[in-house]
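Chains: A, B, C and D, in written order; residue numbering restarts at 1 for each.
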Amino acid sequence: GCTAQPTGGAASSQPTRGGRLRAVFAGGGAQESLDPHLANLFLEASRSKAMFDKLADYGTDVSIVPRLASRWEPDAELSTWRITLREAAFHDGKPVRAADVLHSYARIADDQRTFRAKANLALIDLPNSRAVDDRTVEFRLKRPYAEFPNVLAAFGAYIVPEGADEFSRPVGSGPFTFGSFQPGRSLLLKRNPSYWDGAPYVDELEYLIAGEESARVNAVLGGQADYAHDLTPATARTHEAAGRMSIVRLTNSGMQAFAMKVDRPPFDDPQLRKAMFLLADRSQMIDSVLGGAGQVGNDLFGKDYLYYAADIPQRTPDLEQAKWLVDKAGAKGLKIQLDTSAAASGFLEAASVFADQARQAGLDVTAKVGNKDTYWADVLNKGTICCYRSGAMPIETHISQRLLTNSTTNATKWARPEFDALYDQAVATPDEAKRRALYQDMQRTLHGEGGFLIWGFADWLLGTSPRLRGVANAPANTLDWARFDKVWLG
Amino acid sequence: MILKVSGLRAEAGGRALVDGVSLELAAGETLALVGASGSGKTTTGLALLGEHAAGVRVTGEVWRAEGGVAYVPQHPSSVLNPVRRVGGVLQEIARAQDGGARVDGGRGGGARIGGWGSGARIGGWGSGGRGEGARVEERVREAVRRARLPVELLRRYPHQLSGGQQQRVVLAQALLLDPVLIVADEPTTGQDGLIRAEVIEEFRALRAQGIALVLLSHDLAMVRALADRVAVMHAGRVVESGPAAAVLDAPRHDYTRSLLAARLSPRTATPQATAPKPQAAVPQSQDIAPKPQAIGPRSWAATPKPQDTAPEPTSAQVSAPSAVLAVRDLVAGHRRAPVLKGVSLSAAEGECVAVLGRSGSGKTTLARCLAGLHRPASGTVTLNGRPLPRHLPARARDVQYVFQDARASFDPYRSVSAQVARTAVRLRGATPQEAAAKARAMLERVGLDEPTAARRPAALSGGELQRAALARALLAEPKVLICDEITSGLDALVQASILDLLDELRRDLGLTLLLISHDMDVVARLADRVLELETT
Amino acid sequence: MRRRRGFAVVLLAVPLVLALAGPWLAGTPEPRGVSFAAGGLLGTDFVGRDVWEQVLLGGRSVVVVAVLATLLAYAAGVPLGLLAGLAAALAGRRWVDEVLMRPLDLLLAVPSLLLLVMLAALLSPGPAALVGIVALIGLPEVVRICRAAALQAAGGTAMEALRLQGETWWRRAIGYAGRSMLPTLVADVGVRLVGALYLVASASFLGVGLAPDASDWAVMVDRNRTGMFLQPWAVVVPALLIVALSVGLNLTFDRAAVRK
Amino acid sequence: MNLARYAMRRVLLGAVQVVAVASLVFVLTEALPGDAAVVLAGDIPDEERIAQLRAALELDRPAVERWAGWLAGLARGDLGVSLVSGRPVADVLADGLPPTLALAGLTLLLLVPIAVTAGVVAAVRQGGPLDRALTTVTVGLYSIPEFALGVVLVAVFAVRLGWFPPTAVGAPPNLLEQPALLVLPLVVLLARPVCSISRLVRAGMVNALESGYVTHARRLGLSPWRVRLAHALPNALAPGVQQLARTTDWLLGGVIVVESVFVIPGLGTLLNDSVAARDIPVIQALCVVFATTTVVVNLAADLGAYRLAPGSAR
């Protein structure tokens, strides 16, 4: 399904036109840029989606929904994909053509540049891809790949006009056109009346920036903004009942995990990993860390997403067995450093609570706070166990980016030829049922002895002013998340 | 009646500092309070203002007539605001007076009980008429002229003034107040003879205007010249009081008698001292000398005239056969002005050289250069032919300086005896016990008993502190001792004993003395030779 | 007067007693609950722990670390400030002043945020490092205030008299100049202690010193702020204890200054 | 001593200091873990990608070379471009400076009279209920962390009562155009320095009020407040002036908390962001600004100290 359920009572009211919607996000500052391919922060992702389109995007269950591409068809070996573009136009009136698509992808994949989606597009053999006609693109892949639509929806794979390389006044095909920009303060966009997916309801969209959460909340409470992105569970609970602000919970938005490195002591011992899985009291983590705003995880990524192995039984804490396993692994009293930092909200809390739980099982776990700015690079290769989180993405993408021998961000150092082979087999399988079975196999392995202790899936929390209607409940990073062409001011 | 005091008693720590003092003063009258150093003059004087030092309890009755009271304190430096230019403060006072006068609609109305009230006036200081600026300016100029303070000093900060100049600033402040009563505590100790005489004249003029004056002084010549009535204090009590002539000429009390009898006789042993000196060199001696008819038979008349005995002055060069201390072409000054322009002098072992000069002529500056506290622009200072060490502690073993302002030279937080003893520890390597014993002995010699010296500086009288400062310097057993007005706050009796002590040290230990004084009697008593500094 | 003393003493005693006796009073830790929920005496904190227990445990590190850091800053800063101030007042020694103060100016000019991040990266965490960092950040200010105060004391005749006595530098500086600026220092130390407290808290957030979930009043205030309106006790109680501690300290110091 | 010459020398020394600070900061930032490339890579720290980023940002050049290049640029008045956004650093600074200056200027304008008055009144009423109340209130406010104070003030006065806007989100670049925006930030900014300065002023005043010159000034028929303000106060100010200098320094560079609680994009936020992003050119430029203000402010404070202790300027 590609349309998300609008939330709460908002569904009942009829959409109305007009007004300026002010959305306040964290981030910005010196780092922000309007280049959609540079998008990195949530703020930038939302702004890009307001001004640009991708060929496809993630639906609410992270399946792929068509956007600028109205259709995609692989050839029999799955190595040539023919994409049909829908009729759409850039803000300057020029139509979106195959050449624009090829230019955009070439720009992202440029070896001299470092755009985020570059890794996703690495599979495309761009020199041999071509524009069949203005509305048809033919992509040649370097190897057969059944999940090619995932690539079309990749984070940051936006389509920009041919030749565009400078984005101080961006021109895209999205629902809003550029108005004015004050870096670090605000971006004002105007309604694009001729948007192919239906013109937005609001006349203007203003992105505001407030790094501090309390400031975002206060801006909504004080009527200075209508949409506050990224609240903490505590704030949500504070304001939920008061009526001055509606809280929108985007359920199942963020995976919360600990990543154990399986290639080095002590977690090269599967028994110890098993012990960790068993000692984790997931519901306590949800309560204490997320203030109840989330669901427990089963050490598998992508709960409720396409191909999720829902039939693997949920793990429940078993302290006795965990202790026994710790003893057996000879790890009783072992000093373990759990890397954490303020890089993501909840990390410090998670480390604190989990360290306590591990201590009860006889492990001497201490949280070590690292530098938040370089955290991801620091924990990629160093340390033994760290806090980890991930936004929404297809399970296939999760596996290919994090769990293959040659994955670039393999934080658990999970490197198994037989697992890699399973993956290769899956993405070369045209039949969806067979593919599903292969994914199930992979997930069973990961559940049994993987390095990710995925203890929960956090809700993503938004605050909206009561007059804002039509906000969809879609996980962060999916199409309907932070999407402002389908909301209206009541 | 301006002032009426009865049964005044001041006590500190259960000890009476002043007891049973009763005084009366009419308009235009001058009362002199004389008495030994530490006899309670300052305490009484403060009580007249309704004030007292911390830790002192005052009882008794003080009635004051309506109108301002001006106070000239004994230690001017402690009442001058270090961060305010002296002229600015004078102007401020004048302006407050101006406003106050308008608010009061004139002063000197009906009498009221002053009691201990501070009698603070609400003076407007914001507004002012068109003529106010000029009027204020005029008043300040007038006061400054009467206090004999050069106008160019008004732009300075207090620390940029000499001791005598500071005293004149305080005097000018008092004159600006337009008071009905002036309490002046040793108002001329830092002044040269000429100015002193002029200030005495000013006081006379004030008296003529009907302003009452309470004069606390050791300076019997001034008392004689000014006072209508004299009260003699001893150990906190008024032992004798009456008309000036009666008390001074026919004292009835033993103490008064001995005080008046104590006078300085010139030394006889020093050959240089006999040389006659040119009249012009020490003109001040002429001026301070009281009128012959006012001098009683048993007092100053018997003193040999200073000019008869004062040693020979040399304004540029004094040489001695075996110079211990030699100063050559010393040039020094302050940022604003050159002060010493090529001073040379030398002094032999055991010799006493007096440095004379008008107030502000650079005596203190010279002394500070020798002591190593002020860096001269050029010139050399040698001791026994060797240049003095620049390092202060090393130099301080040989050259000690007794500051002009004794009170400012003590740390207010520690007991005086402890401070005195430190000299022996630091400069003579004594153990603390030895040092304490030495200090006790030396303090005894300068006439300070143990309980007095055990107090903090604030609880000592001006004269007591001067003696403590001398004791402190002497404990260093220096070769050269520079005394900057060390007897200005001492009564004749104590003064004599101090000078005797110095004389003894000089003879017995070969102490070389550099004596800075405005008091020609002191100079005559002690000095072998005289150096006179010209006013710059 | 007695009533007034009572006020200051109570203000000071409550946090001090809690800080010193608290760890003994705190029982075995309760299992964690939902974060920022009611329950127990004062509800739960940001990771679901019992706030009252955290309050009992959290005073000691506040008192120890902040007090040590402040003391260290003073131990180093007062002599330096005195040295600079006394030297500045002496014509021949002004270079000493320059040599001391200009490098400290550099330290002042480096943003403390950068310094903290930097030190966090370089130093191994621990109370000792923390004390050092907090002291280092407070040092230049202490030095400057001491220097200004010393400069006032150093210009006087009494200082010259002490020099003429051959008095040691220490005696002149500590005994005289130090004594005369004591009221200034006393006024400053009470305030600086609080500054140190919160520096400790923000440092812990950057990974220096205390753990981010440490039982420490200042850390509690900092970390529980997100739940400030949900479960105010988790912020209010430790904050009030800190307020009581510092107000009590300052009032007591004021009274001590009167007595001299 | 000649104060003018002294000031001249300090200004020259100051220029050296500024360069020294910038160099020191350069070394510090270099020594920080990670660089702009690592930070930009974010949560996909692919080594190859980081290396490419480094090359693109010219971070692969030796540090000394980059430092020399920066210095050369500084000499020409060229601050370079931001590593992250590619905008000229001068523009980035120009965006952050006005809000900071507005806040700092207004705070100082209010701070000095409030703190001095509080200190003087407390000293005059030393030991009395007013003194104790002032101490309790100022120290109490000081002991409440800025963010807590800020959030509570916003909750009460902006959200509940609606008297002031809760944040400066979406405000015009010139904050002075909307004075209501500044009320709450100013209150929070004032809370701490009022305490530290007034405590120092109080201590100095207590001392000065006991001194001989104040007693004497009272005798001279000056009004009580004139004595306190014109005679006692100047002697009480020296440590307070130093603290004021520190406060000025802090206001011009370090009010990160207030800036973020009220969403005022000033230099503090800028510094925070650029340290987080390891955006060295911006950090360097900010440090030049901070070092310059520190040098100037310290010089002013030192001249003040000499002025307030003229006896020592022998």
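Here is the rule we use: a contact is a pair of C-beta atoms (placed from the backbone, for glycine too) under 8 Å apart; a residue touches a chain by one contact, two chains touch by 3 or more.
Chains and their UniProt names: B = ABC transporter ATP-binding protein; C, D = ABC transporter permease.
Note that the structure is a prediction, hence the values are computed from the model and not measured.
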item: Comparison of A-C and C-D (more C-beta pairs in contact); value: C-D
item: Chain centre separation in whole Å, for chain B relative to chain A (CA means); value: 88
item: Whole-Å gap between the CA centroids of chain C and chain D; value: 20
item: Whole-Å gap between the CA centroids of chain A and chain C; value: 44
item: For chain B paired with chain D, centre-to-centre distance based on mean C-alpha positions, whole Å; value: 50
item: Overlap residues in chain C, where contacts from two or more other chains coincide; value: 91, 117, 121, 155-156, 225, 229
item: In chain A, residues with contacts to at least two other chains; value: 214, 371
item: Chain D: positions in contact with at least two other chains; value: 1, 32-33, 147, 151, 155, 235, 275, 308-311, 314
item: Touching pairs among all chains present in the structure; value: A-C, A-D, B-C, B-D, C-D
item: Residues on chain A engaged by chain D in the complex (per definition of touch); value: 22, 24, 29-33, 40, 111-114, 116, 118-119, 182-186, 206, 208-212, 214-215, 218-219, 221-222, 224-225, 244, 371-374, 376-378, 380, 401, 408-409
item: Contact set on chain D toward chain B in their complex; value: 1-2, 210, 212-213, 215-224, 226, 230-231, 234-235, 307-311, 314
item: Chain C residues touching chain D - in the complex, by the definition given at the top; value: 4, 7, 88-89, 91, 94, 98, 102, 105-106, 108-115, 117-118, 121-122, 141, 144-145, 147-149, 151-152, 154-156, 181, 183-184, 186-188, 190-191, 194, 198, 201, 221-222, 225, 228-229, 235, 239, 242-243, 245-247, 250-251, 254-255, 257-258
item: In the complex, chain D residues that touch chain C; value: 1, 13, 17-18, 20-21, 24-25, 28-29, 31-33, 126-127, 131-132, 135-136, 139-140, 142-145, 147-148, 151-152, 155, 195-196, 199-200, 202-204, 206-207, 235, 238-239, 241-243, 245-246, 249, 253-254, 256, 271-272, 275, 283, 286-287, 290-291, 294-295, 298, 301, 305-306, 308-314
item: Touch list for chain B against partner chain C, complex; value: 77, 82, 159, 371, 373, 375, 392-393, 396-397, 400-401, 403, 405, 408-414, 419, 422-423, 426-427, 469, 472-473, 476
